[in-house]
Each structure stands twice: as C-alpha cells, then as structure tokens.
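The structure's right below; bear with me while I get my questions together.
Per-chain numbering from 1; labels A, B, C, D and E assigned in written order.
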Amino acid sequence: MAAQAITGHVDWKSDAMQARRRARYAADRRLQIYGMVAIFFALGFLAILVGTLSFTGYRAFVQTTATVEIDLSQADIDRGDLMGANWRNIVRDALRQQVGDIPRSDQRDYFNIFTSSAPFLVRDKVIADPDLLDGTARFSIPLSDPLDQLAKGQINPDLPENQRRVNDRQIEYFNQLQAKGLIAQPFNWGLFFNADSRFPELAGLAGAISGSFWALLVCFVISFPVGIAAAIYLEEFAPKNRLTDIIEININNLAAVPSVVFGLLGLAVFLGWFGLPRSAPLVGGMCLALMTLPTLIIVTRASLKSVPSSIREAALGIGASKHEAILHHILPLSMPTIMTGTIIGLAQALGETAPLLLVGMNAFITSPPAGIFEASTALPTQIYIWADSPERGFVARTSAAILVLLAFLVVMNAIAIFLRQRFERRW
Amino acid sequence: MNMLTDAAVEQKLHSTSNEAAIKMRGKDVTVHYNGKQALFGVNLDVPEQQVTALIGPSGCGKSTFLRSLNRMNDTIEGCRVGGEITLDGDDVYDPRIDVVELRARVGMVFQKPNPFPKSIYENVAYGPRIHGIARNKSELDQIVESSLEKAALWSEVKDRLNEPGTGLSGGQQQRLCIARAIAVSPEVILMDEPCSALDPIATAKVEELIDELRENYTIVIVTHSMQQAARVSQRTAMFHLGYLVEEGATDKMFTNPDDKRTQDYITGRFG
Amino acid sequence: AARDQIKIVGSSTVFPYSQATAEEYANKTGNPAPVVESTGTGGGFKVFCGGVGPDFADITGASRAIKESEVKLCADNGVTDITEALIGYDGLSVAVSRANETDFDLSEEQIFKALAAELPDGNGGFVANPNKKWSDVDESLPATDIIAFGPPPTSGTRDAFVELVMHDGCADLPGMAELKSADEDKWEEVCSRMRQDGPFVEAGENDNLIVQRLEADPNSVGIFGYSFLYENSDKLKAVKIEGVAPTFDTIADASYPVSRPIFFYVKNAHRDVIPGMSDFLAEYMSDEALGPDGYLAERGLTPLSDEKREEVQKAVLEGKKFGS
Amino acid sequence: MAGYLIGFLVLAAGLAALTSMQRARRSRDAAADKAHSRPIYHGLNAAIWTGVPAFVFLIVWLMGQNSIINSLVLASFPGADALSGAEKSLLISEIRQVAAGNIFKEPTPEILAAVDHLKSLQSIAVWMMVAVVAAAASIGAFFGYRVIESRFRARHSVERSVTWFMMFSSLVAILTTGGIVASLLYEALQFFARVPVTEFLFGLRWEPQIALRPDQVAGLGAFGMVPVLFGTFAISALAMAVSVPVGILSAVYLTEYAGERFRAVVKPLLEILAGIPTVVYGFFAVLTVAPIVRSLGLSLGLEAAPNSALAAGGVMGVMLIPFISSLSDDAFAAVPRAMRDGSYALGATKGETIRKVLLPAALPGIVGGVLLALSRAVGETMIVVMAAGLIARMTVNPFEAVTTVTVQIVTLLIGDSEFDNPKTLAAFALGLVLFLITLGLNLIALRTVRKYREKY
Amino acid sequence: MNMLTDAAVEQKLHSTSNEAAIKMRGKDVTVHYNGKQALFGVNLDVPEQQVTALIGPSGCGKSTFLRSLNRMNDTIEGCRVGGEITLDGDDVYDPRIDVVELRARVGMVFQKPNPFPKSIYENVAYGPRIHGIARNKSELDQIVESSLEKAALWSEVKDRLNEPGTGLSGGQQQRLCIARAIAVSPEVILMDEPCSALDPIATAKVEELIDELRENYTIVIVTHSMQQAARVSQRTAMFHLGYLVEEGATDKMFTNPDDKRTQDYITGRFG
C-alpha cells in the first residue's frame, strides 16, 4: 500500500478509507458539540445569575404604602416657619384617625407600621407645595420595612410571635387598614429618586447613580483625551527606543494590575499627598481613570493600526503634515472603535468596587452629590453597603440595585455594539 | 541559473497533444459571490497529464474557476457555484460526493506559499496522516521523502526535516507546499499563480518542477505572466470579465489566437 | 475649603448607629446630612487623627477604646482635645437556623472546646483540637459537624468574642489557672487562638452573608451582631450561652455574657468650626436616640444604664477632654 | 472666580485666534511668495500662546493662594507665632468659617480683625490673580500676534505643542506605575522593619493576630505569606480550569462553526459576563454556588468547607470566560486564511484543521491570553473577598477554604486594627508582592504574544 | 474603446527630446531598510515635462526609488536614504526643506486607488484646503472642477460630487486620486503602478490621461508592464536587484538596449 501511495494510487473507495472518513467526520461533530456545550455552559450561568437576582430583586420594585388623608387647615402650623411645626404630632393624629381608638399601649406598635420618617415626608411635601395647607390632602406614606415584608408575603404571620419582626397587634392594624382600602403597592419610584437611607422603605439609588455619574464623568474627561493623545503618540510618533518600550510595557502591565492596587494608589497619592477630599467622586473618578487609561490606549492604538496605511500615504502624498493626516483622516476613521472601547472601558469602571472602597466612596450619604467634590457613593459600593445592612428590606434592594447596575451596563454595552456594527468598516 | 532557453520553450509547445483523455470538465460553470456574478457559463476541459494554463487580466475569474474545481469555494461565505464540474465523469458538486476525498484527489497550491507553522517533515506528513494513507512510521517517512524528492526539495532539506517550514526561503516554501500537495497522491494539482511571490531563480525552479510533474499528474495553473504560460503549459484558456474568451493549444493561442481580446492581451495592449 | 457637612468615620459596628443619627439629624434640622463612612476602627483613627481642619474627620466610631499609639498619633498631629463617648453595648449573638432541630445551650467551655486551636491534653501539654462533631465536645450535644462562621482576626468583633467567650471558657478548663500564673504568654496563646482546620470559618465582615449561609446550611452556627439576629428572627434562633439567650433585656442587664462596649470619639477642636457639630452631638446624645426606647436601641444597640447615660451625655455635650 | 477666569481665558484665546487669523490673512495676501502656514495655524498658535501659559499660571496660583493667604493672616494674628501647627490650622479654619458666615460662638475681636484681614487679602488675591492671569494672557497674545508673518512656521509651532501634550500623556502610564510603587513601598518598608522579609516571604504560617488592646491578650501574629500565595494560585488555577477550556471551545465554535447570526447574538451575550461587576459575582458565589459545591463535596465524602476554593475559583472562572474567548478569537482570526486554505485543500475536515493547524498556530496567542487572564485572576478582589475564606491554609482539596492576597489586603485595611500595626502594614507588603507578581506574569505574557505576532 | 493604436505609440516614442531641462536628479542614491540595502548608488535624471518610466522585476527597488523622490520613505520606520536628490537644484533631504511643501510640489499616485472615505468633492478639495490654495468657496469649486476635468473624470462625476469617492469603480477611483494630486498644482507627479489594479478599459483611460498631463507636469511612473512603459513614456530606466541597469530614451531601450539584462527582461526571459 505504501508503494501504491507513493506511486500515487490510493483506493479512496475502500471500506477502510470510508470507515476512516466517517470517524473523522464524527470527530469533527464532537468538537462542534463541545463548543456548543461550552457556550451553553457560559450562557446558562448568565441566565441563572440574572434569574436569581430577578427572583430576589423584583419585590424591591414595588413599595407598600398607606394613603392617609390629613386635614392640614385645622393643624396648628405657622406658615412662616414650616420647618418648626410639630409635624410629628400632626401626622400621628392623622394616622390615629385611620383606625379609631387605640389603647395607649398599642400606640407605639401602631405607629411603627409606618415609616418613622413619615412626618418629614409630609413636611417636605408641604414645603414644596404650601397650598396643601389650605385643605385636606392625601399623602401616600410608605409602610415600614417589616410591614412591607409582611405585605409582600415575606413574613409568615402564622409563625409564633417571637419569631417574626411584626407582632400580632401590628398585623391586626395592618389588616384593618387593608380592609379600608388604604394599602397599595405602587411602583417604587423612590428606588430611583431617593438617596440612601437607614430605612429600607425610603432607601433609593439616586445618590449612588449620581455619584457614579460624576465619577464616570471625571474618569471620561481625564482618560479620553489623555488616552487618545498617548495612543497617537505611541502609535504614530514615538521613536522605537528604550523609553517607549518601557512605556509600552507599563501600559500593558497597568491594564492587568489588580484594581485594588489602584485603590491603594488613590489612598496614598490622591488622598495622602494631594490632600483631595475623601469619598469624593473626583478621587474615585481619578482612580477609575488611571484604571481605564491603559485599556483605552490599547484599544485606540489597535484602531489606529487598523486604518489602512494607504489612507495615511494618500494624505501625506498630497502634502498633509503628519498631524494633519492623523487629525483629518486617521482619527475620524478610528473614532467609532475608540468610542466603542471607551464605552466598554467606562462600563468596566462603572462596575468597579475595590478602589472605591479604599478611597472612601462607601459612605452613608442621604443626599445626592451636587458635584465632583461632594462626598458620595457609587452604584457598586452602594450595593456593598446595602448587602451589609441587617434590615430585611435591603436584601431585595441589594438585588434590585444589582439589576439596575446590570441594566446600565447592558445599555452601555449595547450602545458600544451598536456603534461597532453601525460603523464597522471593511477595507 | 536554471532558466529555460528559447529552444526548450519551443520544444515544449510542440509536444502538446490534443488527444489526451479529459480528466476534469467544466460545463456552463457560473459562480456568484453574494449575488454578484463572477463567472458566466464557462466550458472548459482539462486534459489528463497535461498542464492547462488559465490566463487573463486581473479579476477576470481565473482563481474563481480554479477554486470551483476542488470546491474550495465552499469555504467562502456567499459563494454559489452553478453548472456542472466533473472529475473522471463524476459530478463533484453531487451531494453524495465527499469533499474530503475530492480535495485529496484534487490538490491545490496557492499564490503565496503557505506552509504550516510546523516542521518541514510535519508539513508533508500532515496530509497522509489525516487521511491515514501510511500504515506506520516508516511508510510515512517514505512518503515524505518521495514527495520532497518529487518536489525537487529533498536534497536541500533532508538534513533539517525538523526545522520549521516557515524558515525556508520563498521558493523552497512553495516547493514544500507542492510536496505537501503531492504527498496525498492527488490526481489533479491546481496552482494559483504559484510563482508570483517568487524571485526569478525560484520561479525557474518551480517551472521546471511543473514540467516534470506533468508526467504523473494533471495540472491546472493560473498565471498572470504570458511568458510563463507559454513556457510551462500545453493548453491555455483565456478569461476576460468572467467569460472564457478562448481556449486551445498553447502554441496556437500564442501565435495565432482567434479572438481579438486574446491577441490584445498577449501583446500587452491591456492588462 | 470650608465644609458644611460633618464627617464621621470608623468602625463598621458603630456605622449603623451613626447612620441612624445622621439621618434623623438631617431630617430634623434640614441641614446637610453628615457623611458616615465605615472604615474600620483602625482606619477611622488614622483618618481622625490625621490632623485638625476641614480636611479631617470630626468623629470616629470605635468598637474598642482608643489605643495609646493612636492617642500619640493624634497628639503628633495636633489632635489633643478629644472626647470619648461610650454609647452602649453591642450584643454578639451566636445563632443557628430555625431549621436546626437542636436547641443549643452552650457553656463557654463547650464553645472553647469546639472552636479553640489547641486544647490541653490533661497532662500539662496541648494537642490540636480533635473535636469534629458537637458530640465530641459533649455527649449531650448532637452528633453534627461543628461549623461556625465568625469574624476574621482583623475585626474588633473577633477580639471581643475571643476575650468574652474563649478566654472565659479557657479559664474554666483544668490546669489553665496554673498555666496562667506560670507562663502567661502561653496561656494567652492557647486561650486566644481559634482553630484553623475548618470548623471555624472566618467569614469576613459581612454579617448578612453569614445569615444567609446559616439558612443554606442548617447545621452551622454563626457569630455576629445581635441586630442581624433580631432582623432575621424568623429564620434564625439564638444559641443560649450559659443558659441565657440574647435579648435586648439580657444584653442590657449584662446577664447575657457576650456584649461589648462601643464608643465614638469627637474632635472638640471642630465643634466651633464645622457647622452643625453641636446639634448633631446633641441629637446623638438625646434620650430619643440613646435612651432605652430610643431609635438606636431599635437597631440593636444595648443602651446604657440611666446614670451612666447621663454621665456620657454630660461629658459629650460639655466636651470633656479625654484623659483628663 | 476661577470658573469665570477660565471662561475668560477661553474667550481671550478665541479672540486672539480670530484676530491672528485676520492678520495672517492680510500678511499672506501682501506677501509675494507663498505663505508657510494657513491662517488657522497662526490663529491656533496665538490661542495656545494666550491660553496655555495663563492657564498654567492660574492653576499654580490657585494651588498656592490659600496657603499664602493663610500664612499672611496668621502672621498678623497676635500671638500666632506661639501656636503649634495644629492650632494654627484650627485657627485658620475658624477664621474661614466665620468669614463664610458660620458662627458658632461669639468670635473674639482678634478673630474678627483676622476675618477682615482675610477678606481683604482674599479680594486682593482675587484681583491680583485676575490681573496676573490677564497679563499672562495678553503677553501671550501679543507674542502670538507679533510673530505672524507669511514665512512664520505657525503650523510647526502648533504641532510641536500638540506633540508635547501627547508625549506628556504617554508618560502618565509611567507616573501611575511610579505612584503605585511609591505608595506601596513606604508602608511596606515600615512593615519589613517589624517583620523580617525572609519570614514574610518564606514563612509557612499566616495568622495576623495581634492584640488590639493593651489589656487584651491574644496569640502572636505570624506573617508568612506562602500559604496566602498558595491560596491565590489555587483559586486562580481553579478559575483557569473553568475558563480555559470553556473559553477556547466557545471561541472555536464561534469563529469556526457558528453562523453569522448566532455569533452576532452570542458574542455580546458572552461579553456581558465580563462586564458584570465582580461584587455581583461575589454574591452569587457565596449565596448560590458555595452551598451547592459544599453539598457536592460532602456527597463525595470529602471535607467540604462552606467557603470553598472551588466556589470562588469556579465563579471567577466564569467571569474570565469571555476574556479568554475573545483573546482566543483574536488569535484564531490572526491565523491567516492561507493556513486554513492549505489544510482544507489537503482534504482535512474542519475539526482537523482546527485541532492540527489553527490551534498550534494560534497557541502562542492563546497562551498569552491565558497568562493575562491568570494575572487578572490573581488580582481579582471582590469575588474572593466575599466568597473565599480568610484562613490561610495549604490544601489541595478544592472543597476546602483558602485565602488570597487580595482578600487579605482588603480585610487588613478595613479591619479594626490600628494603623501602625503590622496587620495593617502587611496589606501594603502584600500589595507590593501582588504588583510584582502580576508584573512578572504580564511581562511573560507580553513576550509570548509579541513573539507570536512576528511569526507570519 | 479608447485604446492607443500602434501608430500613436510610434509617434510618441519619436517625440522624445533629450534636451529637456532636468527637473529632478538622483545622485548616488542608496536606500537601506533596517540596515538591508535596497538601492545601490542610483544616478537618474528626470527631465521636465516628460514621462519617465521605471521598469524592472519585482523587488528591484522601483518603488523605493520613486518614494525617495518625495520623501515618502520618511514614513517608513528604519528607512535611510543616502546620496543626493534634487528638485530644481535644491536638495530635497536638506533639513531646512519642509516636507509638506516638497510633497505638495511632488505629488504621488499609488498602486491601489486610495480615495479618502469622503465625498468626491472633499477628496479633491482636501489638498487645496490644507495648503490654503483657494481663498474662497468659489475658487475651491473651480479648482475641484478643473482638476477633475484634467483627470478626465469631470463628465462622469459632475452630478454626484457629494457621493463617496469609495463608491466609484476602480478606474474612476484611480483617476480621482490623480485629480486629487493635480489639485495642489504639483510640478512632478509620481505614479507607482497606477494601472495594476485596473481593468483594461480603465487602464487605457489612465494612460491617455498620463499622456495629456505630460504637457504640464513632469511624470515618473513605475510599471510592471513593458508594453505600458513603451506606450506612455519618453524615457525608461531599468532596475535590477537594486541597481539601475540602464536608462535612456524609451524607443532606444525597447529596440536596442545596451544591457543583456534589459534585453532579457523586455523579451520576457525572466520576471
């Protein structure tokens, strides 16, 4: 057979050859199946992850509230000093009216059905709209966390009383309120428009979202121009020498330096030496910028490289300077890729936790920051804080916050993919 | 230098025989790339144990036709082949045909030498191994040696079979690719501008080799050099804009073409 | 730059109480809410003692008293006038899932035997803790694996637990009293080291995760702040220690043995510089917050006795200088 | 004020640019020979001259202004010389708060005088700043304007400035590395003053227990990082064991088998895995995966800790899948089509082509990618902080808990120990080692990738 | 078809004049790529308002020489040019020379048409814009129109000036690139195999165009087609392995070359 093979005659139709070919095709199919399995393993994991999060988190998107009518025209309120009025008593009186007579001993339990910030909520509404003082107004007051859990079926009322956070009297009153149709479960806008709070029923992500926004803004403003400038320099101008080699190695290395190390850097340099304020989005954003920078440089360089040299030569050939060729032709052509890379880099920065923990962006702050110098949290650190809170309501809220964060990430990635596909260019 | 003399060329041209058996035949072959037609009803016979050259200006469909002969076009997304192509009378686009077998029987050498990033030995042994042609190591050794010998490379590489194939010079690489194709004992060898990336000396060597291979194999070669076509082929087919303009014995084509476009092309009026 | 927010740093144990007060204060006064950051006690002191001026924190929470080195650091940076406030006790609870059938009632000695790294072998030497199941510790206990989730050595909670439970349990063992007088260092080592061979799991600072893991694994016990037990009383039940289960009452009257003091420290120099400091301190010290029915007690703080509280209130409001 | 000034600078630069362009146009029209640069470059040049030096001036001024004013105020404050540094800073804060209208107690007359002084100094400073910046801008504008004539090479000048900016930008990477090393080194050295380097590097016990209170007794700490490193690599190895096969196989499927549509849908989905914040993975690992892994381990009759290395490593592996698959994707794509063609032309099946030609050819690239992923695994923080254990143990049983360098860094830093305690300082030493390890891994990875790039 | 007749070619060859002024001159030009020498002491004069063709086998250094004329080699890392090249007597490698100005005076057209991915109008207007040649929009319009006219493209594109230049056919693209080069009023135009990617019809058009451009510009063209060189050029230079083998009037080179290698090359013995 060997001799035959060498003289150029192989019997391709022989049984042995055919069997062999069948086995080869089977091996081919097996490899294909392994690939499918690998992909479905990864996707299945993703599905389970999102599934569990949604399962625990969906409850946080509604909030149990009680609708209470308060006749403010009767109340003793000095219109000149709305802050100073005794809102606590006003609200308590109104609440008491909802269920008739309550023995004194039960009052504390009863009031604990409602969020303890109820007076402040009413006050803030009135301050925002003083016309409410002229008559009877309806206020929707969130129930406190244990009752919210009860309403959502998270607390089993059949358990012995000492095993649950709500006692029998509270359940009794809750049922009364429900019977009167005062209880509702509207969509929890507070999750998006409130800042953090100790009370799960009031806690929201507004502070974290704006903190993340400011930090990302800083990150973008620093890393985008610097990253592009550095990439252009390294790709188009830098002579090949020791220094540029070192820079190159450095950049590649920084792209893989553990994020916690950037936190240590921020702690020592930005907080320690520069004396920048703790917990500020400025510092968080600077750490994130340093983290994003290498990724951005690498992406930008790759996209500059992918512009065919014929375009470069064309521009130079009619007498454009190097700077002009880059500014007029190469940069615009690689912009879609750069934008994609930037968005992906920012998305990564958005989800980054460790460096923010170290520069103090895991603080408790009850108002959204108004700028980059004000203390704030960010989405991932807010998740971290909520996850560590004892109140039951924060369990669902943590998952909900993660879902919100994931939604942001998916949107950002979708934009990136859209850009990539829209502007993808084939030469 | 191993350059062919004029006399040799002359001699070759006259050795053409029209009565050779037909090894492959294309009937009304059309090819579309993503809906854009690249070949229009090409009818061409490839006679056995002869060298058929395909010539024509750039983009006229030479490579496209060549690649449809061993269904390499299957690997191109959006490429659709119509008409009929037969090998020894069997339709190669018949669904029952096994492409693996087809490609083993109809080997191919590409424009740019593309040795695998493996040792020289492994490059040649790859085909026999996957097809299970050799039964043991010594048979495999034998196949490798004889293939390299036929490709006129053995003497140059026999002492460094374990060095990477990519380390050879361009001409050697191209001969290595030819050896690799020969190693699976194909019946037909398709060559797509095999010399266009080579320097003149390497080109001459490969041309010489093609001439020798003709004794055992049927060869179809695409070339952009009229001179090369004249030197190595017995039959020539001229393509233009996706149409087969003219085909015939090489000597006739180059001395007395029927078609004005062929005339213009070989005299360098265009292309 | 001038700053109009109070800055609070410090222990994660004090964090929830400072949070609650900060929110209440902001709600009541309409002033910007203080920024409360959980940095750990040591980290808190580092920031707090960094210096005087708007760049440095005003208050730091601590799950232990300030240490000498920290006082010195403060002094080196000019922070000489600070007030210490003991605000109450934080109960440490040991708990298991409700799914666990046993009603655990452990003595400190049993806990020590279950979780210590080394036990006396009875001949004056020590052996690595051989107990794998609770029944190995004591016949009366169930034959389930010992798994205890607890705080890591970097945490103040861990030190409190070691000091309050392990040392006591250790001291009860035969021969330890002699050892203590003979070789105090050895005694310390034996009585303080938690086992590292598996049954004791150092579970990080996140108590919620411990709670959820107890649920997932009914045989395990967890050591964490009482507030987490209270919030999850439908899922968890307390392990009695020396026969006493943790409740607000038993912690407050000290009949429950495992509770520790928590503090905060005020930088008095800032009182006249940072807007709202005095109002905030007043809120923190008010009976509404610190009192037995105060909102801090609701979050798990075990309040001080009345006279102790008055003393602290007075000290803080007057800015009594620490160390004098 | 600074905001207005910056706005002013922008305006001034714009104005300078416009007038310069006018002038350049005139001089171009007047000149006989061809102008060197277009008017726009003369304009830009003038704008740079006008804006940049003045801006730098402004920044420097703003950084220095407060401390200068503070010292001036203090100098005139009666008896301030005798105060210590801290008292001075307190005094200044008080003065400033009073100046800002935040009055807590009746200010003394000295303070009130100082407040007045401060206010006057501040207004002087503001006006001086305005004057100086405006002067800088005008001088710049003047120069920028003066140099205009048709042969002046304005384009060169502008391009030089741009090049300088780009050079500076590329130095940021080096500065960052320098910053990292500097911020780790100082504390790490303090640590090594307390714990010998050799013990740290080669010690086999890691039990950072040191008394928190003087009256508190505790075991002695042990700071041998070998078990911590061991845990890091054990978890990384597990992560690699998940991500490498899955990543490479998905890349194979996506690049070689999958249709255009499937690829367009699945690839972004896979990439989502890389985008999920690691905090989320951490939760998932602890709450969902760890209990499953533990019961699996127990049913196999193995010692199984609730915090298993397997849970943390496995989840981390999932996170790294897209990382490896996209790098492998690139590596496969970088194999020239000619290789594929060569193999198919010999009658190889797709599977054979992938296994015998593409994989070996892409291997260096894939290995580079794997090394990069490994360095990411080594440095990954949040997953392990939440899901890995804290006890440093050397065990090869993946169902048992181990700890990692990053876990120790975070817990040591946010723990309750005091700042000058070896416990806290150890975090920096660990950070330094971690940095060096990832640096080493990256260097190797880069070498590999680069070598392979030069191949075809 | 606009193909040139033999008679026209004849006529052109004889119109060559040796007395033309020298526009560019290479003296002992050597080029190294990363230390590897690619050109060895080339001495070549480029006469004004004539077409000079550079021919020679692949890799002989034609493109290298061409690109050193307008310093396009500066953009290649590791490329070092020695000797002297002058434009109207000025050394173009003088450090005081502004390359931007040099390249505006010595324009270039490349092998593969490389229009910018912008509109046709913008492609042509780009050069005048960056050099500030036009003072206002209407001047610019005029330049664009006249350049496109000179490039024999105006009639084909005048109605779609805002469509992307990349949407044109290959031949149109190449003429667009020529128009783009003309638009900055260069004195010399360098063309590196401008027709090798074009079909015959487009090639003929471009050749015709080159012939017309000769009246206003000095042209240096690299070509791999002897026929093309014969058709369009007045002077021809033959390169081989980095050496200038021979140069002279095109008609002489193609009828009676001095060098054996030239003879072999033009008769197709190698290459």
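We take it that a contact is a pair of C-beta atoms (placed from the backbone, for glycine too) under 8 Å apart; a residue touches a chain by one contact, two chains touch by 3 or more.
Because the structure is predicted, anything quoted here is derived from the model rather than measured.
Asker: Keeping to the contact definition above, tell me which chains border both subunit A and subunit C.
Answerer: Chains in contact with subunit A as well as subunit C: D.
Asker: Relative to subunit E, which chain has the most distant C-alpha mean position?
Answerer: C
Asker: Farthest from subunit B in C-alpha centre terms, which chain would that be?
Answerer: Farthest from subunit B by mean C-alpha position: C.
Asker: If I average the Cα coordinates per chain and compare with the overall Cα mean, which chain comes out closest?
Answerer: Checking distances from each chain centre to the full centroid gives D.
Asker: Pick out whichever of the two, A-D or D-E, is joined by more C-beta pairs in contact.
Answerer: Higher contact count goes to A-D.
Asker: Subunit A to subunit E: how many Å between their CA centres?
Answerer: Those two chain centres are 58 Å apart.
Asker: So the centre of each chain is just the mean of its C-alpha atoms; given that, what is the distance between subunit B and subunit C in Å?
Answerer: 83
Asker: If you average the CA atoms of subunit B and of subunit D, how far apart do the two points sit, in angstrom?
Answerer: For subunit B versus subunit D, the centre distance works out to 56 Å.
Asker: At what distance in angstrom does the C-alpha mean of subunit D lie from that of subunit C?
Answerer: A distance of 35 Å separates the two centres.
Asker: Got the subunit B residues that touch at least 2 other chains?
Answerer: Touching at least two other chains: 100-101, 104, 130-131, 184.
Asker: Identify all positions of subunit C at which a residue touches two or more other chains, and write them in rising order.
Answerer: Within subunit C, residues 12, 38-39, 205-206, 209 contact more than one other chain.
Asker: Among the residues of subunit A, which ones contact at least 2 other chains?
Answerer: Within subunit A, the residues that touch at least two other chains are 24-25, 321-322, 387.
Asker: Subunit C touches which residues of subunit A in the complex?
Answerer: Of all residues in subunit A, those touching subunit C are 83, 116-117, 120, 155-156, 159, 162-165, 197-199, 275, 277-279, 360, 362-367, 373, 375, 385, 387-392, 394-395.
Asker: Mind pulling up the subunit E residues that touch subunit A in the complex?
Answerer: Answer in residue numbers: 70, 72, 75, 77, 99-105, 107-110, 112, 114-117, 126-127, 130-131, 177, 180-181, 183-184.
Asker: Please output the residues of subunit A touching subunit D within their complex, sorted ascending.
Answerer: 24-25, 27-32, 34-39, 41-43, 45-46, 48-49, 52-53, 225-227, 229-230, 232-234, 237-238, 244, 246-247, 249-254, 256-262, 264-265, 267-269, 272, 290, 293-294, 297, 321-323, 344, 347-348, 350-354, 357-358, 380, 383-384, 387, 398, 402, 405-406, 409-410, 413-414, 417, 421
Asker: Which stretch or stretches of subunit A touch subunit B in the complex?
Answerer: My answer: residues 1-2, 5-10, 12, 16-17, 20-21, 24-25.
Asker: For the complex, which residues does subunit C have touching subunit D?
Answerer: 2, 4, 11-12, 38-43, 45-46, 51-54, 62-65, 67-70, 73, 77-80, 147, 149, 152-156, 159, 162-163, 167, 184, 187-189, 191-193, 196-198, 200-206, 209, 212-213, 216-217, 220, 269, 271-275, 277-278
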